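So that you can tell them apart, the chains are marked A, B, C and D in the order they are listed, and the count of residues begins at 1 in each.
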Amino acid sequence: MTKSDFTPNEMMTIAASRALRNEDVCFVGIGAPSAACNIARLTHAPDITLIYESGTIGTAPDVLPLSIGDGELCDTALTTVPVPEMFRYWLQGGRITIGFLGAAQIDRFGNINTTVVGDYARPKVRLPGGGGAPEIASSSQEVYITLAQSKRAMVEKIDFYTSFGHGEGGDHRKRLGIDTKGPTLLITDLAVWKPDPETKEFTVVSLHPGATREMVQETCGWTVKFAEALDQTPPPTELELATLRDLKARTDRAHKGA
Amino acid sequence: MTKSDFTPNEMMTIAASRALRNEDVCFVGIGAPSAACNIARLTHAPDITLIYESGTIGTAPDVLPLSIGDGELCDTALTTVPVPEMFRYWLQGGRITIGFLGAAQIDRFGNINTTVVGDYARPKVRLPGGGGAPEIASSSQEVYITLAQSKRAMVEKIDFYTSFGHGEGGDHRKRLGIDTKGPTLLITDLAVWKPDPETKEFTVVSLHPGATREMVQETCGWTVKFAEALDQTPPPTELELATLRDLKARTDRAHKGA
Amino acid sequence: MARFVPLPQAVADNLKDGDSVAFEGFTHLIPTAAAHEAIRQGFRDLTLIRMTPDVVYDQMIGMGMARKLVFSYAGNPGVGLLRRLRDAVENDFPRPIEIEEHSHAAMANAYEAGAAGLPSAIFRGYRGAELAHVNPNIKFVRCPFTGEELAAVPALRPDVTFIHAQKADRKGNVLIEGIVGIQKEAVLAARRAVVTVEEVVEDFSGLHPNLTILPHWTVAAIAVVPGGAHPSYTHGYYARDNAEYLEWDRIAADRDLFGDWMERNVLRATPEDFARRVEKLRVAR
Amino acid sequence: MARFVPLPQAVADNLKDGDSVAFEGFTHLIPTAAAHEAIRQGFRDLTLIRMTPDVVYDQMIGMGMARKLVFSYAGNPGVGLLRRLRDAVENDFPRPIEIEEHSHAAMANAYEAGAAGLPSAIFRGYRGAELAHVNPNIKFVRCPFTGEELAAVPALRPDVTFIHAQKADRKGNVLIEGIVGIQKEAVLAARRAVVTVEEVVEDFSGLHPNLTILPHWTVAAIAVVPGGAHPSYTHGYYARDNAEYLEWDRIAADRDLFGDWMERNVLRATPEDFARRVEKLRVAR
């Protein structure tokens, strides 16, 4: 990678934040999605509605939460609702414009595994499980996914379909009666990917500064498709980078202080 | 009726209030049931939990509400819940020990009509309808009913089964898969009635002071059964009567004041 | 996204002839001003939805605006029957009205299912109740685990829901206190929601964050109408006008008296009249 | 009717070997003290139920108390995997554990159905999700009105639910603030409920009446255990002990280290130790 003033992880978070609009109602997964959503809120989308599955609606945390139920989320929320209401009225009710997920394993069609490595009945590694993801993936109007690339994470075939993306591609969602769009954006530490309009296979549409086609392919378990007109992701602006680093610094101080 | 220091209506309310225990969780209908429940609370059952279908739990109104949603009910409640929660968690959840209903029409098996007089599609009189009563009648552990006797109200055959009591009697509830007790007590302005253990027909078990068998029969549309050992309802105590009259006077003042 | 607009515009922009519409309120917070505005604008062929249709629905039905009524208890709370509704059901005056009648439990579950984006609600209800025989929208399904038979009703999804609330903040978030009723569900179940409020505040700081709150993006339009629930009440603002409910029984009993009253108090009135009507009912805050 | 009793008695009176039990809390208000007391009393063959089993369930599973786990997300929040659970699932150590796995939506709906007295919950879920193929307690039913296929799961009805809350009043009514999670439903779904609280107050006057409140007659026993949620937090009382969650990852990674830690911090500890553990985490009130 060429020398740069920002890390691939910072670029990933910032590229993900740019995809969010001021009008979005975003169901936020913990980790990378949470950072991206809050950077969006602190830069170009101050009125974005961030929802965490613990029940906090319209939250504006000063530091990133360690878990989906930190007190900071409730303290800064417009309102906090019971968990059944969150899943019934707000997610299943179709009010979430963007469900923002991370992934332990993902395939080229945006199907996600966070359940097991190996066989379900006798797993090699028992992962935490789906949590809110199976219904976030089917009930959100669109799904964004973000993760750092690795051959362990981006695989030809996932071990377990925790959350359904585009299945085997094409109109597989429609055939299952799922009428939401599913994964429409994948942001890694190297590139921005979008599904092919027909096959729904995730295709690289933009390389981050310093990233090459080879780097993308070397860290991905399937044969990568690249868009014909491949863009370069604009590097982080000074504001974006300062905002992200301030947030991380505040977060580190707060969590060490506890 | 013999001359007395209290009215039949007062006797009805007080007799009804006596049936309630301190431990009861009572779903309160408006009108006569509401007065009886609050007299119980103000005399022998200070810790009784009164619930109104507007969502108020553990309410202790200083004056009787005109409607099931008066502000007084909320002001004095332990908590107020949304209406869907009231019907799902508290009524359907089986937590109500006594559902206390009034009636426009009732038959000998405690079936209630508050829907129409005449044919449903082309009624002679369109009544308000069931409201909460159909499920109060089936989900409360027991049902108490109170109404003033008249041939118009106590009929051989009701025009519409708004709320199911004992149906055609016997084990009719059980045959429909209803496992709650249904109507176990009927308090009128003349008598206390209980269902026959076998037939479930309401049977007079106690006459109020001044009331006679003839008076009961004359104001009832079916041939009345009387228990072999017919009790006399104890007259109101001074405390009961003073409490009821104070409550009514406070209520009148409050509602005129508005 | 909530827009703050005058009530006539909020109604004109969101309601149209033939719509299914809920003006919800459970004794508390009945959106009377919004209903009166709808009467002035003269909509026709509405399907009126409400658990507890009371005076304002009696008025709309008496004015011939309703093709159908979906409800679970139609009464003048604490007073008696609704006489304009009776005239419509018993005598087809001023026009016939179709009735879809439920229990409270069914309506509450149906709104809840609408808010939850489900096609129907499943609950333990209507056992032995005759409504199940006269309303084809009551069906029964079996629990796939226990075999128990449970009642099912279609979710309620009004084209428009109108509610009245205490406060909006400047962003258009809406806050309800006191008896919260079915209003949150009625708003979330609707395609469009219009809220009248007593006042607009800077923000909700200092108020408890677990109150019933509707985010601004769940509401189409907000109109500020102090007193807009009269003769119903607004917890913390003004008391219920019990005398008006009693008086309605007399007015609605006579077709001509009704017409005169509507002419004077609704057709020739404005949203601004509501503030005056609640002056004597104001509570200490 | 709620009885105020010491924690050891509250646990002994309400939990028994073989029970299905939920110690619920959604990051906030995790009933750690109650779980530790259950560990000290050495119950066996429990079916542990929880949406988000975390450190306390890792501890109970590591101690061999659980026959089965019903859950939707098993992780150390903000840290990673649960290593004692992994050892049980992957290596049958210290005993095999049966897994019934759901999504959050399914568990939330199943608790809700339990609270509502229904045999099952019906919702739009599990579409394309492989859990539906490995969990026989996930079925599908058809909406009787639209024909849409919907997911169904059995209602959750724990024998006992334990929760932690901020306050009880002298009558035994219980109040929860902040992130309210699934606790109200978990209590109402259970046959018996035990609540640990930070403190007992005279009454709830001055607090908002629409807060999450459980009437005293929904609770079997209340034990006062200040700090009883540590290392989780209690909104308004003390903050989350993030360092403890990070440290757990190291402890749980090693069977011997785990055993030593449990001996020192749980088996030889008391409910009274919790107050000391949260001293440095107290928040201004």
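Throughout what follows, contacts are C-beta pairs under 8 Å (C-beta built on N, C-alpha and C of every residue); 3 or more make two chains touch, one makes a residue touch a chain.
Note that the coordinates shown come from a computational prediction; the quantities given were computed from them, not determined experimentally.
**Student:** According to the touch definition, list the chains common to the neighbour sets of chain B and chain D.
**Tutor:** Joint contacts, listed by label: C.
**Student:** Quick one: point me to the chain whose Cα centre is farthest from that of chain B.
**Tutor:** Farthest from chain B by mean C-alpha position: A.
**Student:** Whole-Å distance, chain C centre to chain D centre, using C-alpha means?
**Tutor:** A distance of 39 Å separates the two centres.
**Student:** If you average the CA atoms of chain A and of chain D, how many Å lie between those two points?
**Tutor:** 28
**Student:** Let me have the rounded angstrom distance from the C-alpha centre of chain A over to the C-alpha centre of chain B, please.
**Tutor:** Result: the chain centres lie 57 Å from each other.
**Student:** Which positions in chain A are in touch with at least two other chains?
**Tutor:** Expected reply: 74, 80-81, 88, 92, 139.
**Student:** Chain C: which residues touch two or more other chains?
**Tutor:** Residues 112, 116-118, 123-124, 148, 180, 185, 210-212.
**Student:** Every pair of chains that touch: which are they?
**Tutor:** A-C, A-D, B-C, B-D, C-D
**Student:** Name, in rising order, each residue of chain A that touches chain D in their complex.
**Tutor:** Residues of chain A touching chain D: 30, 53-56, 65-71, 73-74, 80-84, 86-88, 91-92, 115, 120-135, 137-139, 160-164, 167, 172-173, 176-178, 255, 258.
**Student:** Tell me, which parts of chain C touch chain A in their complex?
**Tutor:** 1, 112, 115-118, 171, 173, 185, 188, 204, 209-211, 213, 215, 217-218
**Student:** Would you tell me which residues of chain D are touching chain C in their complex?
**Tutor:** By the definition above, chain D touches chain C via 116-120, 122-124, 137, 139-141, 143-146, 148, 150, 152, 154, 177, 180, 208, 210-212.
**Student:** Residue numbers of chain C touching chain B in their complex, please.
**Tutor:** Chain C reaches chain B through residues 26-28, 51-52, 71-75, 77-79, 81-82, 85-86, 89-90, 101, 103-105, 108-109, 111-112, 123-131, 134, 148-149, 178-182, 184-185, 212, 233, 235, 239-243, 245, 281.
**Student:** Of all residues in chain A, which touch chain C in the complex?
**Tutor:** So the residues of chain A in touch with chain C come to 23, 25, 47, 49, 57-58, 74, 77-81, 88-89, 92-95, 139.
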